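Look for chain A in each of the two complexes below; its partner is chain B in the first and chain C in the second.
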Partner chain A sequence: MRTIVIGAGLAGLVAANRLAAGGAQVTLLSKGIGGLQLGQGTIDVLGYTPERVTNPIRSVQALTGTHPYARIGAERVLAGLAYLKELLPDLLVGDPEANYQLPTAVGAIRPTCLAQPSMVAGNLSSGERVVIVGLRQLKDFHPQLVAANLVRTDLPGGGRAKVRHVLVDFPVREEVDSSALTYARALDDAATRERFARAVIAHLETDEIVGLPAVLGVRDPQAWRHVAEKLGHPVFEIPLPPPSVPGIRLNEALTAKAKAAGVRFVQGTRTVSFRASGGKVDAVTIAVEPAGREFTADAFVLAAGGFESGALDMDSHGTVRETLFGLPLEGADAVPLLHGDYWGGEQPLFNVGVAVGKDLKPLDASGAPVYANLWAAGGIIAGSAGWAEKSGDGIAVASAIGAADSILKELA
Partner chain B sequence: MRGYSTVLLERADLGQGTTGRFHGLLHSGGRYVVSDPLSATECAQENAILSRIQAGAIETTGGYFVCCPGDDPAFADKFLAGAAATGVPAREISVGEALRNEPRVNPGITRAIEVQDGTVDGWQLVWGAANSARHYGAEILTYHQVTKIDTANGAVTAVHCTDLKSGEDVVIDTGFVLNCGGPWAGQIAAMAGAHPVDVIPGRGIMVAMNHRLVNRVVNRCIHPADGDILVPVHTVSIIGTTDVKVDDPDHLTIEPNEVQQMLDAGEVLVPGFRQSRALHAWAGARPLIKDNRVAAADTRHMSRGMAVIDHTERDGLDGMLTIGGGKLTTYRLMAEHIVDAMCDKLGETRACRTAEEDIPVTGAGKNYVVTHRLEEREHDRFEDQIICECELMSRGMFTRALAEQPSGSFDDLRRQLRLGMGPCQGGFCSMRATGIALSSGHIDIERATALLRLFLKNRWLGLWPILYGDQVRQTALDNWIFQGTLDVEHLPPADPSVRPEPEVEKKAPVAASAQAGVES
Partner chain C sequence: MTEVNDRPATHDRTGLGFAGHELSRASLDACVKCTICETMCPVSAVTPLFTGPKFVGPQAERFRNGESVDHSLDYCSSCGTCTLVCPQGVQIAELNSQARAVMKADHMPLRDRLIGQTTLMGKVMTPVAPLARWALGNKAIRTVMEATVKVHRDAPMPPAQSQSFESWFAKRPKPTKVPTRGALVFFHGCAGGYFEVETSKKTVEVLEHLGYEVLVPRQGCCGLAQQSNGLFDGATASVLKLCDDLRSSGKDLTIISSSGSCTGMLKHEAHEIMGVSDERLKDVGTRIRDTMEFLLDLYDAGELPTDFLPMPMTVPYHAPCQLKSQGIGKPALEVLRLIPELTVVDSEKVCCGIAGTYGLKKEKYDIAQAVGRPLFDMVKATNPELALCDTETCRWQIEQSSGVKTVHPIWMVHAAYGLG
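Let's look at the complex of A and B:
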């Protein structure tokens, strides 16, 4: 069975891995290196409904109507989380029935379901002493901002933490403006980690948990443990805006797994057109000179993301489109699609997407599959804005599992 | 400069109400050579003066007037005759030369005339003038809103205002008030009990496109109309503008059909315009003075010329003059006229020197060029972090501006630094700015959080009316950063005293009409 997955974000990588593990021949087409390195590098399932969620799977089960989870089903979420933990045991820990509540780089406390082991000491309890350590050369992490907001926040479990901050001078190159990724690469080196620990340890007080920017190694999944041992304190990483080192870790690990399972990656070029006959997609074409290159397959998974990737687009006349297959969109007729209150309700535009059935096939207005062999996964699915409810990862994983399992069953 | 003790009152930041809300054009005068010859001559003269005395605020881009397909090529003859008659330098060049220099311009143009249009940073211009005034002893009070003007025995005696930052009331005893309130001049005059001054705000919207689609100002060579100018300013190019009479300069809308009109007009000047990325939209109000020669609804054809209103003759009120009309290019001349009028009324002879003397501090020297910041960062990149990659703003630039204006909002700083004005519209720099401002010690965490929230809110006001294409994509990424990664919407409480600037309660979008606001 020949399958094509379009998109290299979380949904595309999970679908490709799952399909390959199920015996399918998989080609993954993507324009870039996927969206994981733009995110926080944890697996959200559901964080807000809009009330803060403590048991994500129970809250998912309670969703109805057009929410993606209501179409995908909570059992797929559980299957997806189990699959990810099995695939990436060094990188993801957590319980579908209990969200972690982890500090962000502005000092808010953010719910997430599976987190990296390097982050979970940030799940704070009342009265715990915390020091947030910043690096003078890293402009995307301001320890005073994190500490000052964190210290005045009621912890979801009650009480408050005792939080202070320090700023450490630790250049890793001859520059004043190093990115998170530059730090992470430097800290993949054990000698650099020891030097780093010596620079930090002088600032620590007894019994403090140490909050650090998420830069503790990108290739070496044990780098953070080494730092914690050298410091003799628990540490936790706090995710930063892109480039996200935790996201890169997930991306590289899932990509390596997929390649090991035989997935063929064709990256760097957008998939721009398709050919269909008899209600089935026959082939898609990527934009290479001189005339594009066509890939045929028995099954296709559209996992290209939403508006952030350009898989969904609104033109200057206000027309919203799914840009590859021209699929029917749900929610595109909302009036208005946008409103002027930034802090008001979600912009209706960002709920627009593709309606899918239980088997994850895109549906037309009558509820019938648009193409018999086309599936959809991830941000292209209508009905939610993952950034607000902290659900993007869970929807991606569960829909990818659902699509892959449906393909494997149908084409077996 | 003429030796008077002077206090300047502004209810918001300098340039925030009108002067910063324009398309950045330093007129050559060409726009008016046919329709308003007096304005044309004034523009040509002031263009030369400002390019000399405030060089750092002005980029001498040059400009073209082009006849687009369907435009009457004969208008160009009227244009050239008008230019000759009004002293506006203009020279017809070949279509081939125009298209070689501006390859994005419509290849179907039939004629092209070169003029001396420039582009101007309205804020730099105003701050230059303000610094000059301070240099000569003036006191400048921003965020001071006038609430009342006292009169006694038919003359002005004092001005009451509220310091909007502290909430304190301030009373300034004075013998003379110059009412330079622009679209708000009528409201100010009314506070002194004057008969209504018919300042008719003419609303114009502008849309900034990412990139300089052109490197010269490109005008359509037609009778002045909507969307007839594309102006390259700093890193963007701005299409403008519309002209609609409004009742209240505090409530300016950006209507969806007007955004579409600007995009269509852009398409005529630069084919493929709609595929370019729109960054931001805003609206401003022209302070036009009612002129009985034209219908009240047609504000574009009212006199752009300035007029000083003498309240002694009109209202029996001494010690106050109001100026209306005019345009940014002639701002210096407006000041000259109203101060001359005041000297006359006071029976004194004190000559104006603003045209001869360079503005101190940011004055003469080299004209601005768009690559300035790139050059500066090339020199300091090993010593200083770049906090806004879009606009090449360094950490040092931000901390210095903050130290000078510790109670400023991020929008106040943005006007000086272009913070958040590039393609990401604050996506990456806002959090950095918040962290740096907090660690500077000038503000506390409640205020830092409030400033971040207000900045994001204000950016959105100018984004959603033009949200399409790549900027939708950018917004989705920014939402993933702010809400997705940072969970900024669940921060603990912000300082409730941080409020939007006094104006803004404006409206409109691409797909439907609702309340929104604006500013570049």
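Let's look at the complex of A and C:
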């Protein structure tokens, strides 16, 4: 069975892995290397409804109507989380029944369901003592900002933490402002970690939990444990703005698993057109110079994202379209699509997407599949603004699992 | 050769005029400053001298009107990784290649003019191969070369051969097998014509074994080495002359090449970097296939015989940047998987460092070595005797720096078909 997955984000990579594991021949087409490394390297399932969510799976079960989770089903969310934890045991931990509440790079608290083991000591309780350690030559991480905000934040479980900050000199190459990735590459080396621990340990006080920028190794998944052991304190990583090292870890790990499972990657060119006959998609074409290149398959998964990647597009007349297959869109005729109240309610535009059935096939206005062998996963699905409610990762994973399982069952 | 030291004129839509004003600016505004290109850049990973593709590319481009104010641009190796990984379709590498051509236009180093002359090198070296091999292996001569033309004394040099591919093809006994699948045109490139002659021979023998008639028209250089050194006028003349050469064998035939870099030049670089907009180029670019891409297409269509002999060994494979940027994935990996008992390990490394002629240059040599080091280590650890890679200069770099013999993947296919 030949399948094509379009998109290299979380949905695309999970679908490709799941299909390959199920015995399908998979080709993954992507314009770039996906956007996973722009994220925090965690799996948000549901963070706000708009109240802060403590038990994500229970809140998912309570959703109804046109919300993606109501279409996909909470059982797919559970299956997806279990699948990811089993696929990447070194990288993702967590409980669908309990969100972690983790400090961000501005010292706020962010709910997420699965996190990297290097982060979870940041799930703070009232009265705990924390020191945020910054590195003077690292750009984009400001320990004073983190500490000053965190110390005045009411923890979700009640109470506050006692937080202070320090700034440590620790250059890793001859420049004044190294990126997080430059640090992470340097800290993949055990000798550099020893030197790092020596630079930090002098600043620590008894019983403190140590908050560090998320730069503790990029290739070595045990690097952070080594640092914690050397310091003799619990440590937690705080993800930075891009380049996000935890995001890179997650992207590389899922990509490596897919390659090991035999997924063929064709990268660097956008998928721009398709050919269909008899209600089925026969082929898609990538815009490679000079004349394009066609790929045929038995099943296609559209996992190309939404507006951020150009999979959805709105022209100057306010007309929204899905740019590859021209699929019917739900919510595209809302009036207005965008309102001018910047601080007001959610913009209707961001709920626009394709409607899918339980089997994750895009549906037309009558509720019938648009093409018999086309599935959709991730941000293209209508009915939610993932960044506002922190549901994008969970929707991507659950819909990818749903689409892959549906393909494997239908084409077996 | 046309001189290239004129300032670009705004009405000039090709060459330097195009470079200074046209192409990549169209993709510039799509940059969302996400940093993905910066994280994948093999050069900025090993040296702070190159400030990274985003900074030098879409950001600095906004400040350019003619020559760049920031010369760290010259440390870009033009490997093309940034364009390949960009999720927004920004032509970062193309932007940088164009800006560098403009920057160097009125002070082009002699060295950069010379190392673009790949056909000339082959023509000079082949008749005197033993002498050329001796000279390029001679420390004293290389030291003088480093001091005068600034080519690093330890940089890999093409292996001079005693017989050119053209001469072999003309003089060999004619194939006895009657073609059953029609004709193909073979494009050997300068390296495949003069230095990597064995790769060209094996490619032709595999194609003939599959039942094709192989036509080899007289052919010149694609101009890639000139292009990557910013000599756009000369490169444009070369690539169009080559298109005429390749079209002389027939208008509808598929063109096959085992020179991955030259294939990339014909498919997209001449158009995207230099703005060459010519029907002949488009025609050739549409018909040309990398050898391994062609074999994979045959396999996908159910037309590739898979009666391969078992090859019980493990070999490292490195996909060159210029192959990856053709949007064909890594076809060699898929084809070699069909050979029984052969395990091919993908290096998964971004770049070998050489980037055409970048790693030859005295001032870039150490950077290129640092870029390639993880690859050299991987190659040595996987198989100290044999490695695979699709393009010539990358093979020379890997072989020189790791000490591991490095050949084109077609060598494995050739052996597995029992062709010697």
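Keep this in mind: the second predicted complex is superposed on the first by the 412 of 412 C-alpha atoms of A that agree within 3 Å, B and C clash if a C-alpha of one lies under 4 Å from a C-alpha of the other, contacts with A are read in each partner's own complex, and residues count from 1 in each chain.
Here, contacts are C-beta pairs under 8 Å (C-beta built on N, C-alpha and C of every residue); 3 or more make two chains touch, one makes a residue touch a chain.
Keep in mind that this is a model prediction, so the values were computed, not measured.
Asks: Please indicate which partner A:A291 is in contact with in the superposed arrangement: first for chain B, second for chain C, both, or neither.
Replies: second
Asks: Once the shared chain is lined up, is A:I201 touching chain B (first), chain C (second), both, or neither of them?
Replies: Neither partner.
Asks: Please work out whether A:G386 is in contact with chain B alone, chain C alone, both, or neither, and reply first, second, both or neither.
Replies: first
Asks: Regarding the shared-chain residue A:E175, is it in contact with chain B (first), chain C (second), both, or neither?
Replies: Both partners, chain B and chain C.
Asks: Touching A:A368 in the superposition: chain B (first), chain C (second), both, neither?
Replies: neither
Asks: Taking the superposition as given, does A:A105 touch the first partner, chain B, the second, chain C, both, or neither?
Replies: Touch partner of A:A105: chain B, not chain C.
Asks: Once the structures are superposed on A, label A:F265 by its partner contacts, choosing first (chain B), second (chain C), both or neither.
Replies: In the superposition, A:F265 touches chain C alone.
Asks: Considering only touches as defined above, state whether A:L38 meets chain B (first), chain C (second), both or neither.
Replies: both
Asks: Of the partners chain B and chain C, which touch A:A62 in the superposed model: first, second, both, neither?
Replies: Neither partner.
Asks: Name the chain, either chain B or chain C, that contacts more residues of chain A.
Replies: So, of the two partners, B touches more residues of chain A.
Asks: Which chain A residues contact chain B in one complex and chain C in the other?
Replies: Residues 38, 174-175, 242, 309-310 of chain A touch both chain B and chain C.
Asks: For chain B, which residues are in contact with chain A within the complex?
Replies: 260, 263, 274, 278, 381-387, 395, 428, 431-432, 434-436, 438-439, 444-445, 448-449, 452-453, 456-457, 459-461, 464, 467-469, 472-473, 475-477, 479-492, 507-517
Asks: In their shared complex, at which residues does chain A touch chain C?
Replies: 27, 31-35, 37-38, 173-175, 179, 181-182, 185, 242-243, 248, 256, 259, 264-270, 286, 288-291, 293, 309-310
Asks: Help me check something: in the complex, which residues belonging to chain C touch chain A?
Replies: 34-36, 38-40, 45, 48, 83-89, 267-268, 271-272, 281-282, 285-286, 324-330, 334, 346, 348
Asks: Per the contact definition, I'd like the list of chain A residues that touch chain B in the complex.
Replies: 38-40, 47-48, 52, 104-110, 137, 139-142, 144-145, 148-149, 152-154, 167, 174-177, 239-242, 244, 306-310, 313-318, 335-343, 347, 349-350, 385-388, 390, 392
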